[in-house]
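The structures considered in this document are given below.
Below are two complexes that have chain A in common, paired first with chain B and then with chain C.
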Partner chain A sequence: MINRFTSVLKAKEAGIIAWILLVGLVSSILSPNFLTPNNLVNILAQSAVVGIMAIGMTMVIITGGGGIDLSAGSILGISSVVMAMTIIPPELFRDTAAMLVLPNDFWIILKALIFCLGTGAVCGFLNGCMITWAKLPPFIATLSLMAAARGTAAYISAGIPTYGMPTSLVYVGQGSISFIPIPVLVMLALGLIVHLALTRSVFGITLFAVGGNRETARFSGMNVNRLLISVYVLSGVFAAIAGVILSARGNQVHPDAGTGYELSAIGASVIGGTSMMGGAGGIPGAILGAIFMAEVQNVINILNIPVAYMKPVLGGLIVMAVLLDQWHKKRDTGE
Partner chain B sequence: MPDSPTEIIRLVNVSKGLYDLNGQTLNRHNLVLSQVNFSLEQGEVHVLLGENGAGKSSLVKMICGAIRPDSGQIFINGKEMTANDPQQALASGVATVSQEFSLCPNLTVAENISLGRTKYNFAGFLDFPAMRALATHQLNRLGAGQIDVNRKVKHLPVAEQQLVEIAKALAANPQVLILDEPTSTLTDNQVEILFRVIHALKDSGVSMIYITHKLKEIFEVGDRVTVLRDGRSMRTVAVAESGNIDDLIQLMIGSKLDNLFNKGKHQVGETALEVLDLKSDPASPALNLTVKQGEIVGVAGIVGAGRTEFIRRIFGIDSYHSGSVTVFGKSLPKGNPQAAIQAGIGFIPEDRKRQGIVPCLAVRENICHVTMRQLSRLGWVSIASRSRLARTYVERLKVMASSLRQEIRYLSGGNQQKAILGKWLSANARILIFDEPTRGIDVITKSAIYRLMVELADRGVAILMISSELQEVVGMSDRVYVMRSNRIAKILAGEEINGETILRYAMGGDEVA
Partner chain C sequence: MASSPTARKTGAKLLSLYDHLGIWLWLVVFALLFSLLSDYFLSYANFRNILRQASIFAIMAVGMTLVIASGGIDLSVGSVISFTSAVLGTVWQATGNIWLAFFLALLAGTLTGLANGLLVGYCLMPPFIATFGLMSAGAGFAFALTPGSIGDFPPWFEYLGNGMLYRLPIPVIVMFVLGLLFYLLLNHRRFGRSVLAIGGNENGARMAGLDVRAVKLAVYTINGALASIAGIILCARIRSSYPGIGLDMEMDVIAATVIGGASLMGGEGRIFGAIGGAVFICMIQNLFNLLGIYPFMQKIITGLFIVIAVFINEIRSRRE
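Presenting the complex of A and B:
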């Protein structure tokens, strides 16, 4: 029992858990509205979209060599627009409330989901090709796709947001099973699968090897390019899934949806202990990082702190969390 | 030599312990240079001769003021050098042409050559015409007037970079010029011109220290030669009187004890690896090599002879122009390490940190990197099966690690090397390529690795070993391929394998007659 307790303290996620608890403790002293079941569930629900993106982003950052996916927010945008346009018949494309009149046709919704995730995969594949075959730095490659995907999303939707979605999709965004919101369940399920894949699959071992030392991976006969492409494809798919959740939660599809979310996802990964140098990191940390960021936003709302303070506070917290994490690691390794 | 030689540089009983990048001594007992005496007279070309790691570079660094001796004295022009101050060496007219170029790749040829002697015009701006004139003049001296002084250095081929490096040193009008293997990248014609320049400089009273691995050059430019071995100055002789090349080689090697090795007679089986007419590009020489099962084949040669490049092509890390690599009768595709690994080749690279291990991962994962596919079911591979596999090899090879989960970077070099070997053994590699198998490894682990190599050969593994350590090559190999300037100079077997013969072919002693 004591052993298990100390092993929790030593886990690499210990730092981020401590942060979540610390902010929670201070907030529950400052406001009676923080520590209520409703609010806690709300925080989790708020973290789902960024959390799902952070799962993909974490894998991208682990690949090292400057691996980053700046296009994730734009991929979220374009794939949710594609989803909406698959559901809506062409004659209603420009009708902002079009989706309200849509029936819950299983096959149409399935087709829309496949197109949506497919769009994410194609975008990720383009990123992967630019990075492996054209040898562009990931920052530049994904920056260009960030602009291209966002522009395309605006073009095909004529910049018009669409309100209302089939009720079964809305349920995915707003419903709960017992008391846990479905978006949270989606995040946890995806997180669990990817966590197992990273620790217990050929893909995961290859990912960490490539991230830790690309040359050695090549000398060990690993196909580095294939790995990089699949990781960027996965990041695109996770952004698309986040797009489904975001659209379903808000009951609307907006071509500007997800703008800047890639930065929140990067923040969540880094707060959760993923190293920007590559080769180190994990999914539990990334999800906890997303929860931490949702918690901070929630606290700022509850305490009626002006929203203008929110981003500076978040920025400061990211720096502090990462500094503390570095200090923690230094102490552990005795360097 | 001039009639009345005056001493420019004198080193008296200089010693230096193992030092770090900044020249700080780390260990006073592990001597890089020990009681070295050396002198350079005006107008002479003094050749430094010695194996890799004999202390030539350290000696030169000391004269440049980059590192300072732990004991002993250095005199330049009769004045003792007190601090390790490169400025003092520069001020007394010491210029260096080093192997690692000191050129700024993003500056033009003219800018590089005038670096440190920058000229300004009346308005205080850089005087480009004067800089170009200086550069052109120096390059013309080297017969390299064809090099465009306005080109950026990074766009020049290596041989031309070497010429620029030399021109830059000449532009300083040095009193003492240190040339560290200046000809390794030059063509015969360029070398000839360089030698003419060296003779001209000598006539004008410049003294030169000339480091080379090419024995032929000693006789073409050298006046005196000093042989270094294991950080000691063995002997200084006038080239005219040295006469026999074998004496010099003998001095370089000495008589080393090799009780580290217990080479047995291996049972040699069928041909495991066969390389036929491999050419890296159409103009390069064709390379042939065979390794049989149960055989240990050494590849010897001086640094830059093209050994590692050759081996990388065999393993598929780099591609090649023509030729074939065949493993147990099956031909391998070019530039595909995965195919090489599937055919049963394992590669233990020279640069352990950058190519052998993934430093931030556990010993367990590092051992499993090649075998994980065989361990996996539908792409999933359990932690337990990985631990089992890793434990087998950690125990069998006696890898000293606190646990299987310890990050491999905290292991000693020798234990890292054992773990890398474990990685290939777990994959049942039938051909193992070792590139500098014991570089930076302590002597006890070294002998353990030698024992393992012999044991593997006895069990029918074909072993190809590149090594710069002569005694390793002599002690381990059944056959030796000696490489010189990207071609195979000689294949030695049995009784022919000894340090003298290997060095003679590696350094071109056969050309001197």
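Presenting the complex of A and C:
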């Protein structure tokens, strides 16, 4: 029993779980509205979009060598715009006056989802090509795609937001099965699949090998370029899925959707113990990191703290979490 | 097929010429191309305008070059601009003393840089995370200080941003003076060599007895100070302060630095290259405005230019 307890304490994710509990404890003392079933479920639902993006981002960061995907937020934007433009008849698309009521045509929605995820995959593929074939630093490659994808999203939609999605799609964003919101289920299911892939498949072994030491991985005969491209494609696809969830949850598509989300996803990954140096990290940590960030935002709202302080508090917490993590690691390795 | 020795020699000469001129060569080529596209492009007044606009980014890019040369990155410079601007406006409104406002604003930006330096140098945090933290903090505090814009600065202060000295805008003069100063610091002083050594091989530099922590602290503090100078000049130029003024600026600055020939891996940096990169980005945007191209398209094409510029740098360094 005690053994099991200490093994939980030593788990990689112990730090972030402790943070979530600590912030929860303090907030439930400060406000009676925090510790209610509704609010806790709400926090989980809020974390889903960033959480799904953080799954892809974690894989990208694990590849090391400065691996980062700054374009994730813009990919979210452009793929949701593509989805909306597929669902909505062109003559209605720029009609901003009315909230649209659209039929639940299965084939149209399926087509829209395929186009949406396809857009994410194509963007990710472009990132991968720039990084492997043109050998651009990931920071620059994804930075330029961040600008280009956001510009394209605004261009094809003429910068006009769209309100109203088919009700079946809205259900994906707002509905819940028993008491768990569907976005949370999507996040957990995707997280579980990727977690298994990382821990028990050749893909995972290759990923951590490449992240640990790229040259060694190449000399051992691993196809580093193929791995990098597939990781960036996956990150693009996850950003697109996050876009579906965000549009469905808000029942609207805005070409500016997801601006700055890439930084939240990076923050969630890093709080969750993924090393910016590459080669180390995990999906459970990333999802817990996203939940933590949603929790902090929720607390700031509940306590009526001015919104201007939201960013400083979040930034400060990320810095503090990483500092504590480093201190922890240093003590463990006895340096 | 072997090329003749003379041809190879000419090729090598051209390549080394390109290495020295880098982005400035592209600047001239594109300026000529652009002048074909718009009748209004190639005029003294328009170039003065481009340079004046670029000077803000260029001053920031000078500091960013030091940071990137040391193997780091600073995402917080845009927020430093916002924060500096908010402090300047708030203090000016509260006390009516522009000198006090000026120095407190400079101090605020420099302290933000110092905090970055402490986190990166002494707490060994990854620069991306540390400066991301201060980016959030700076942006938030700027809005917490003052949600709206503040103006009515004294004329001499506004002159800092709009005035001319011998037909040259004052911000442009400041840009060249700071550029020269930091060019000498980076390429002809021991401090600069330490920065490049740390960026090239941090462990090696530490073994060789360099105080890595202190150098990093200095680099980030300098960057904060330069960003706040840019912020103050920007406020003077637009005759007001606004807490959202620096939003997303860091990306353009990093792009300018990298277009100018800095390697994100560290150990390499060109001050005048970064200044050229800033001018290049502003020149493209200027042309787009002259041609009446959508701002959305501007983003796409700017992204494309960054990729091409960095790709060319990459090919060049691969040859070496």
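Here is the rule we use: the second predicted complex is superposed on the first by the 332 of 335 C-alpha atoms of A that agree within 3 Å, B and C clash if a C-alpha of one lies under 4 Å from a C-alpha of the other, contacts with A are read in each partner's own complex, and residues count from 1 in each chain.
By our rule, a contact is a pair of C-beta atoms (placed from the backbone, for glycine too) under 8 Å apart; a residue touches a chain by one contact, two chains touch by 3 or more.
Quantities reported herein were computed from a predicted structural model and do not represent experimental measurements.
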item	value
Side-by-side fit of chain B and chain C on chain A, or clash	fit
Once both complexes are placed on the shared chain, angle at chain A toward chain B and chain C, C-alpha, multiple of 10 degrees	60
Partner chain in contact with A:G159 - chain B first, chain C second, else both or neither	second
First (chain B), second (chain C), both or neither touched by A:V194	neither
Partner chain(s) touched by A:G66 [first = chain B, second = chain C, both, neither]	second
Which superposed partner A:V299 touches (first chain B, second chain C, both, neither)	neither
Which of chain B and chain C A:M222 touches, first, second, both or neither	first
Larger contact residue set on chain A - chain B or chain C	C
Which superposed partner A:A239 touches (first chain B, second chain C, both, neither)	neither
A:K135 touches, of chain B and chain C: first, second, both or neither?	second
First, second, both or neither for A:V322, with chain B first and chain C second	second
Per-pair minimum CA distance [chain C against chain B, superposed on A] in Å	6
Interface residues, chain C side, partner chain A - complex	73, 119, 123-126, 128-130, 132-137, 139-141, 143-144, 147, 251, 254-255, 258, 263-265, 294, 296-300, 302-304, 306-307, 310-311, 314, 318
Parts of chain A lying in touch with chain C, wherever the complex brings them together	66, 68, 130, 134-137, 139-141, 143-148, 150-152, 154-155, 159, 263, 266-267, 270, 276-277, 306, 308-316, 318-319, 322-323, 326
Touching residues on chain B, where the partner in the complex is chain A	317, 337-338, 340-342, 347, 349, 354-361, 365, 368-370, 372-373, 376, 379-383, 423
Touching residues (chain side chain A, partner chain B) in the complex	199-203, 205-206, 208-209, 212-213, 215-223, 279-280
